[in-house]
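Next, two complexes with subunit A in common: one pairs it with subunit B, the other with subunit C.
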Partner chain A sequence: MHNKHIRRIYMIPYALWITLFVITPIILVGYYSFFDIEGNLSIVNYQKFFTPVYLKMTLSSFWYAFLITLISLIIAYPTAFFLTKTKHKQLWLLLIIVPSWVNLLLKAYAFIGIFGKYGPTNYFLEWIGIGTKQILFTDFSFIFVAVYIFIPFMILPIFNALNELSPSFIDAANDLGASRWATFRRVIFPLTLDGVKTGCQIVFIPALSLFMLTRLIAGNRVITLGTAIEQHFLVTQDWGMGATIAVFLMLIMFIFMILTGKDV
Partner chain B sequence: MRKLQILFLSGLLVSAVILYFIFHFNQYQGHSSQNILTIFNWGDYIDQTLIERFEKETGITVIYETFDSNEAMMTKIEQGGTTYDIAVPSEYMIDKMRQEKLLMPLEHEKLPNLKYIDERFMDLPFDPGNKYSIPYFWGTVGITYNTKLLPNKEFNSWNDLWDPALKNEIILIDGAREIIGMGLNSLGYSLNDTNPKHLKEAYEKLSQLTPNVKAIVGDENKLLMQNNEAAVAVIWSGDAADIMFENDAIDYVIPEEGSNLWFDNIVIPKTAKNVEAAHQFINFMLDPKIAAQNTEYVAYSTPNKEALKYIDSEMVEDERFYPPPALTKKLEVYENLGKKNLATYNDLFLEFKMYGK
Partner chain C sequence: MYKVHNKSSSFAKIYLILIFLLLYTPILFLIFYSFNSGGTMGSFKGFTLDWYRDLFKDMRLFLIVLNTFAIAILSSLVATIVGIFGALAIHSYKQRKTRNTLLSLNNVLMVSPDVIIGASFLILFTIGGIKLGFISVLLSHIAFSIPIVVLLVLPKLTEMNPTLMDAARDLGANNWQILTKVILPYITPGIFAGFFMALTYSLDDFAVTFFVTGNGFSTLSVEIYSLARRGISLNINALSAVLFLFTIALVIVYFLLQQRSNLKTMGVRK
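Let's turn to the complex of A and B:
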């Protein structure tokens, strides 16, 4: 009886946290989305969202987030696989994680220099005879930097999944005459799928609402839903429209979670 | 279980101690002493020797703090942790701060030197009768370009930006008022125009500019121009002056159709504790000789007519920063268009950004 009582007390922080910082904000976002810029109750924001401007923006955010996730995955899986085979795997893993300790803004500014017209990348391109190219403020630079920033979050869960995979499964597959490719396709990949799903979620969801990089690296030539929310809250002060976009962003994320979720 | 309870309690205790110190420091920052004047200004926006001189002449101790955006400044004043006696917001912020009741009316009889301010810069729409603010520096929006990268190109008009030869060379400032205003100006309309037809025209004209637009950025534009990253930028004259100081090849021009006229202004925020000293300081800064010395240091355009006499003539005769009257007449101050019109501007600007390359 006493124990049960104590357990209830320990639930308080969790319950408080969830109500104050999860449920209340979501309700507030929903609430604000029903006010137009003059503060009148209306659904004008929702009508506005279904105009070509915002639909196009949603599609392009989706497309960029998809590309960022896909490229991260393509690079991260082999990397994680390689890491599990190394001798000091925790050390190598740490080296990949360390850059994520550096402030995002600093990294973005560094890339402005690296990709600049007179930066090292163009110096190299010039040297190998390709010649100076416009790299900064292109789709390429945007996706490259985004992948660079998100990739540790993709590698970590995949690494953990691979690391926990018992080698006996692979031995069994080998003994039963499976080729290396078949072992990977039939044994390793399905067993690490949860790690891949987690990685995709952790990358895709923030990638969908990226905003700072769109200005610093893409020079506002890539507009995502995140950029629009930022603008509505800070510049236009049209909180209603900003909140409406946030509602749709949450819906998209929710759908994505269900699609990639572990048997929800 | 007991351990967890101890941990929880010690956590509470630590928070309480921290809270106590926060209150303590806030009180300390609120220094209610009569002889202290707290100034909140943009970074590197005053000749520091003038502050020393003011301290010596009046016996007032000056605490000088800086901010890097109007929004950050307003938030800090709203929050009220520090009792700023002087702040220097841009004109559009004055309107906002006035509406939020964050400003204190100025007592003009305590500012005899106010008479030296050029009449052109007094009684402007953002603060009728200069009830709350005194112009500190002013400037324009215009075109900077790199004469080395574009040896044969001259800019006189906004329409020169639409030249196909400038493909992927232009950096725009990330501001809806500035860019939509530029579109309106290029068509000969006022940059305060709210006629939906004119705005649509401006948007369509701007969308034709997209092949030439390399990027739409904020403060990074200075760095990009200094490093010859881009050949042309639409920019505030103050930033242009900074870039020109770093890179000799850069020139600045105010387009002939007209452009925006902006102001940074001295105000006394509601948080002020030492209103008397604040007036003293404003009057001190309005003194022509002092304003002249400050202008030579900051290198922006001063609204102090009398001060011009004491400034290096080369600086005053520079038409890029002190445009001739014929051009000045075409410059417009941003009016507060109201939330709804501002939203239209922002929506069009967002659409312009999304317009395919």
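Let's turn to the complex of A and C:
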């Protein structure tokens, strides 16, 4: 038919993009992971990855990403819930999203000032008598800033899920004598689980790879998988090892996507 | 019962106020200290506009801003065109399996962490012999903006009634006319949304650009990063105030566009 011919024309630029920028890069990362720093074919990178140094780094990266996701969820769920109850909820939602449009680096930079030695946080601590503390370049500051950055991304999908929830379910639960907590636990939360899963996906995967925050806020105290990849590619120029870590990060990503997949 | 409800709603109010405070304080904090003559983000010495004066005199920064916008506009334009083609192609496949495969491939760059996109593109450009700089950054931005355009245009295509195209064909329209007079006008809201998202993706990107930018070329995000690594300089605060105003302007434009497109689609449905 005639349509097939047109489709071919539509397909050309798009297929070119898929091959060049989606498939080829993945293959190249896999290919590079089999080269050592001198450019010889070997599996030394994989052996290195299974040494305690790298395994510990992977685990701690996981742990940080997990904490960041969990805390964001705990803060974001009630926010989304209360937002759906407001008048003009779309406008309030927009105001929640606006900070996420401010350049991430500017927000990180703001916290360099806020948590800094002479910043307002330390001023406050001094004032209530605790005294100046080193806040910047700690695990705390890293998690705090990461949560700050991810909250809007967690709120958005949960808000959408709650917004689509038909109020008649809640009415039904109330009529059947369920307490407010029971309504939440048995009706509202299960029905908005898809939004929660999407939110966790949006937060957890980038949280594994935030290298700019670890550099700016955690002062190299926290090393995530992303930091390690950046380090290997742009500092030590050991692309093979960087590619190997990238392979594992992609694997983790796929496993996480399947675990939180909506169809499963 | 009424009292309980009232109590919980005032709790909700306080909670929301706290969240808004948390979200906006750091940004307002930055802007506040951009007027500080003291030179630090610690103590406010006095009001000054010096940092803004410095900012607008800084030719290097001005060039970087121009670069950033050139990349954003060019990459969004190309990404929108390729994205429209992609959406049309995916839409033309009737088998579910082919469609899903194409959509999964489409979404790979949406879900991949920025570091992986950056690192893999760095390898790609090095092997392909493309010099790191304007071209490599532009190509990367086009590449990571295409999937969002596809995702925003595709629903408009599926929502379109196929009888519209049959009617056009029966009335003697050729394929080109069907595309430009029927399909494209119908999916325009999706195209605008896609272009706009591509623009914000490009303006916001740091990690991918950081990997593929090389030495001589810089965008605003990369520049802020290297300035921030050197420590506090109130030039950045002044810059953030200007950018924040710009963001607010963009939000308003986006909001208005969305209102308009909602009205439009409602009109079509009637």
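To be clear about the criterion, the second predicted complex is superposed on the first by the 245 of 264 C-alpha atoms of A that agree within 3 Å, B and C clash if a C-alpha of one lies under 4 Å from a C-alpha of the other, contacts with A are read in each partner's own complex, and residues count from 1 in each chain.
Going forward, contacts are C-beta pairs under 8 Å (C-beta built on N, C-alpha and C of every residue); 3 or more make two chains touch, one makes a residue touch a chain.
This one's a predicted model, so the numbers in the text were calculated from it and none came from an experiment.
After superposition on subunit A, the partners subunit B and subunit C collide with one another. Within the superposed three-chain model, A:G116 lies in touch with subunit B and with subunit C [touch as defined at top].
Contacts of A:F50 after superposition on the shared chain: neither subunit B nor subunit C is touched.
After overlaying the two complexes on the shared chain, residue contacts for A:M253 are found with subunit C alone; subunit B is out of touch. By the touch criterion defined above, A:L216 reaches both subunit B and subunit C.
Counting residues of subunit A touched by each partner, subunit B versus subunit C, the larger count belongs to C.
Judged by the touch definition given at the top, the superposed model places A:F189 against neither subunit B nor subunit C. When the two structures are aligned on the shared chain, A:F169 is found in touch with neither subunit B nor subunit C.
When the two structures are aligned on the shared chain, A:K85 is found in touch with subunit C, with no touch to subunit B. When the shared chain is aligned, no partner comes close enough to touch A:W63: not subunit B, not subunit C. Of the two partner chains placed around the shared chain by superposition, neither subunit B nor subunit C is touched by A:F124.
Touching of subunit A by both subunit B and subunit C, each in its own complex, is seen for residues 6, 10, 112, 116, 118, 215-216, 234. Those residues of subunit A that touch subunit B in the complex are listed here as 6, 10, 37-38, 53, 56-57, 60, 112, 116-118, 134, 136-137, 215-216, 218-221, 223, 228, 231-232, 234-238, 241.
Within the complex, the subunit C residues that touch subunit A are 9, 12-13, 15-16, 19-20, 22-24, 26-27, 29-30, 33, 40-43, 81-82, 85-86, 88-89, 92-93, 102, 105-106, 108-109, 111-124, 127, 139, 143, 146, 150, 175, 200, 204, 206-207, 210-211, 220-221, 224-225, 228-229, 231-232, 236, 239-240, 243-244, 247-248, 250-251, 255. Residues 1, 4, 71, 168, 171, 174, 176, 213-218, 220, 223-224, 227-229, 339-340, 342-343, 346-347, 350-351, 353-354, 357 of subunit B are the ones touching subunit A in the complex. Interface residues of subunit A, counted against subunit C in their complex, comprise 2-3, 6-7, 10-15, 17-18, 20-26, 28-29, 32, 75, 78-79, 82-83, 85-86, 92, 94-96, 98-99, 101-114, 116, 118-120, 123, 148, 151-152, 201, 205-206, 208-209, 211-212, 215-216, 225-226, 229-230, 233-234, 239, 242-243, 246, 249-250, 253, 257.
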